[in-house]
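Structures for review follow.
Next come two complexes built around chain A: one with chain B, the other with chain C.
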Partner chain A sequence: MFDTALTLADLGFLAKGAAMTLAVTAVSVLAGTVLGVVFGVIRNQAGPYWSMPITFLLDIFRSVPLLIQLVLGNALQSILKLGWAPFTTSCVVLSLYTAAYCTEIVRGGISAVPATTRRAARSLGMTWWQDMRYIVAPLATRVSLPAWIGLTLGVMKDSALVLWLGLIELLRASQILVTRLQEPLFILLICGAIYFIISFPIARLGGYLERRWSND
Partner chain B sequence: MIEIENVRKSFGSLEVLKGINLTVQKGEVLTIIGGSGSGKSTLLTCINGLETIDGGRIVVDGTDVHAKATDLNKLRRKLGIVFQQFNAFPHLTVLENVMLAPVKVLGQSKAEAEAMAVKQLTHVGLGDKLKVYPNRMSGGQQQRMAIARALAMSPAYMLFDEVTSALDPQLVGEVLDTLRMLASEGMTMICVTHEMKFAREVSDRVAFFHKGVMAEIAPPEQLFGAPKDADLQTFLAATH
Partner chain C sequence: MFSYNFHWNQAFKALPQMLEGALVTLQIALLSMAIGLAVALALTLFRLSGNRILNGFATAWVEVARNTPALFQIYMAHFGLGNFGIHLSPYTALLVGIAFNNAGYLAENFRGALKAIPDTQTRAGRSLGMTPLQAFRYIVMPQMLRIAFLPATNQMVWAILMTSLGVTVGMNTDLAGVTQALNAVSFRTFEFFALAAVIYYVIAKAVTLAARLAATRMFRY
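The block that comes next holds the complex of A and B.
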């Protein structure tokens, strides 16, 4: 009834692509989040005037299409003779892209912690750092989590664009198979299903943490 | 002893403290009354260094609060303060709320801090709420938790900044009872309050602030019974 030329080896090829998607996403989200937290705290602490350079830079990463960033980033690294592999370039650009969004999420999370609560912490003799660590961080994380999960899922799908730098990730692997087997609908269906299988646990993890942290 | 000498403080062009002179002795209960905007709450936040001052000085047990060399985090250990808002740490249980600062700031062991926290929470009548999260409690209970949290640091002085102002009327009594208990135990307290009856009962002295000036200070019988300052007379007539 249903005939396909897709072999087990082809599925393995897709799985390798998915592994590449996961690797690029994991590195970028991790590095982007670390940078985002640092920039977010700076933006919050320094006020809008002093953090203007960071804000401006991050605005660029938020407004220019990711595809253009990847191509320009790749051109820049070759002009500067950095000799980066496509994987490195992809991760660097995608990390900055993630950081740009994450900074806003972190900034919003921190400002959601009431000033009076922080004042109470400082009144108990806590240092700025202790206040950040024990009061602000947990409360801001709870507020920011849904937006951060959304960002992670978004970055994973956007990471498909690194195929333009020659990386064979999930979407590119699917394209290659489509070209060879001429079964676009079936293969794209499988590709979409794999994206879903990767995304679903992340989305559920977010829901689980939200419930766990609701204190009820 | 808390010595306040000619303290001035402005927010922009608005001068909220116009040269306050006041000394609070160990074991004394001082209440500060006055209309809103009289500077009384600002004075409290200046005493523990949350606000800077523009003139004069505040000395707590020989330490100049606003001197550059002063370690404010260390000084604040001996100045407990409770605010109008309850300021519970919502992600921590009642017990954890009270234990946090003793463990992280004073370096107490968990067991030591827990014993102290249980003692203070029982003292304010929350011995059965240890594992509860603050958002499950009434405002009065949250405010008593905030008092226990401050007391767990074993402060030498307690500052209360309108601690009953954000409470439903039926919850005011339980918090005032807690303050009365502390006063009777000999805690040195400065209470900014709108509760005249409470001020009359517990205070050794009552200070009336008006437009950034301490217009009158006297024992409660005298201040409420025979007020000299004209603004105080108007204020008392309006609050009765």
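The block that comes next holds the complex of A and C.
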């Protein structure tokens, strides 16, 4: 019952897929977070009325399935003759998707800083930038880090969808092996275990930070 | 500027077909939510039961559902169960996958909601002669559902978005599947998928709005 045609080389193939998953996630989360912080600060500065265009645009990324976004992104880059590789297209779409969620997190974090604290900073003679850098950033980070960790894990899981553009990441790699070896359950279990091993410890860390930092 | 001619009329001609697909999408989302809610309630009871096996089972379900991709769960239902001789159609596999995912996330929502309900209420109920199940059913559960309502709404929107994953296991009757089938015939990828995106957006917004209206009606004192 326990004999399998899976070889060490196949496991290496899966590991390569996992590396691709991590690469797409890393690039997208990095770019998405930078964009999210920028949009979050803009939304906070401009107020709900003037930031309506940004709010609406980012809301689209949260209300349309990621699969459709990826297909649209890919179609758009070929219409505009950009000649992007699937990796680039995937990263761009996933970055915008991440940015949409990250903006909400950043905005929430900034508005969790009491207005009185910020006014105190300004009345001590700090500039807007100093207030942002030394008062708001540390306090807001503390509030939003658990949610940001959750977002990162979410993007890691959602990055499985880039297989639709032909990128060989973890899930696609295991699908290829399933097609060749015809042992779907066993290979998918390995694939799921890899996802779980990556995700579970980080999720636990997020939960720990949330408990640890929520009291005071 | 670019040499691509948009053919929107082709997409608009297919609108009735796509709207039919949207109905299937909504149906799967609602069904998966109903199953997910029922299972999540059972998992919550398992966790509260104090039985180690039941508690372990519930915890394992929640952690697996939350730490693996939804697409993986759907693949598991479609390809993985084949090893046991269970061959699900794309529709059923999609439903099973999403319901599994929903149950995990909703159970976690319920757990968060339970924390907000003081233990003393259960004890008060018990000392009035209620059985543990009665205390849960009549005192804790109504409050829990009320607190978890908004997160559950978000999960509903997620369920709608997740139905689009069915196309990867060969589903061709829901909105994404219909769009993909039309795209395979005409190669007007951008037009068809842009229209599908608009429909998904409208559905998601409508569900959010309806839930908000329902919440203000149900939860006023």
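Methods note: the second predicted complex is superposed on the first by the 200 of 216 C-alpha atoms of A that agree within 3 Å, B and C clash if a C-alpha of one lies under 4 Å from a C-alpha of the other, contacts with A are read in each partner's own complex, and residues count from 1 in each chain.
Heads up, the rule we're going with is that contacts are C-beta pairs under 8 Å (C-beta built on N, C-alpha and C of every residue); 3 or more make two chains touch, one makes a residue touch a chain.
Computed from a predicted structure; not experimentally measured.
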item: Clash or fit, chain B versus chain C on superposed chain A; value: fit
item: First, second, both or neither for A:213, with chain B first and chain C second; value: first
item: First, second, both or neither for A:5, with chain B first and chain C second; value: neither
item: Dominant toucher of chain A (residue count), chain B or chain C; value: C
item: Touched partner set for A:191, first chain B, second chain C, both or neither; value: second
item: Touching partner for A:123 - first (chain B), second (chain C), both, neither; value: first
item: Touched partner set for A:64, first chain B, second chain C, both or neither; value: second
item: Which of chain B and chain C A:175 touches, first, second, both or neither; value: second
item: Where chain B and chain C come nearest after superposition, their Cα distance in Å; value: 24
item: Footprint overlap on chain A, where chain B in one structure and chain C in the other make contact; value: none
item: For the chain C and chain A complex, residues of the former touching the latter; value: 2, 4, 63-64, 66-72, 75-76, 79-84, 157, 161-165, 167-168, 176, 179, 189-190, 193-194, 196-197, 200-201, 204-205
item: Residues of chain A that touch chain B when the two form their complex; value: 114, 116-117, 119-127, 130, 134-135, 138-139, 142, 213, 215-216
item: Touching residues (chain side chain A, partner chain C) in the complex; value: 60, 63-69, 71-72, 74-76, 79-81, 153, 157-158, 160-161, 163-164, 171, 175, 178, 183-186, 188-189, 191-192, 195-196, 199-200, 203
item: In the complex, chain B residues that touch chain A; value: 48, 50, 73-74, 76-77, 79-81, 83, 85, 87-91, 100-101, 104-106, 133, 135-136, 146, 149-150, 153
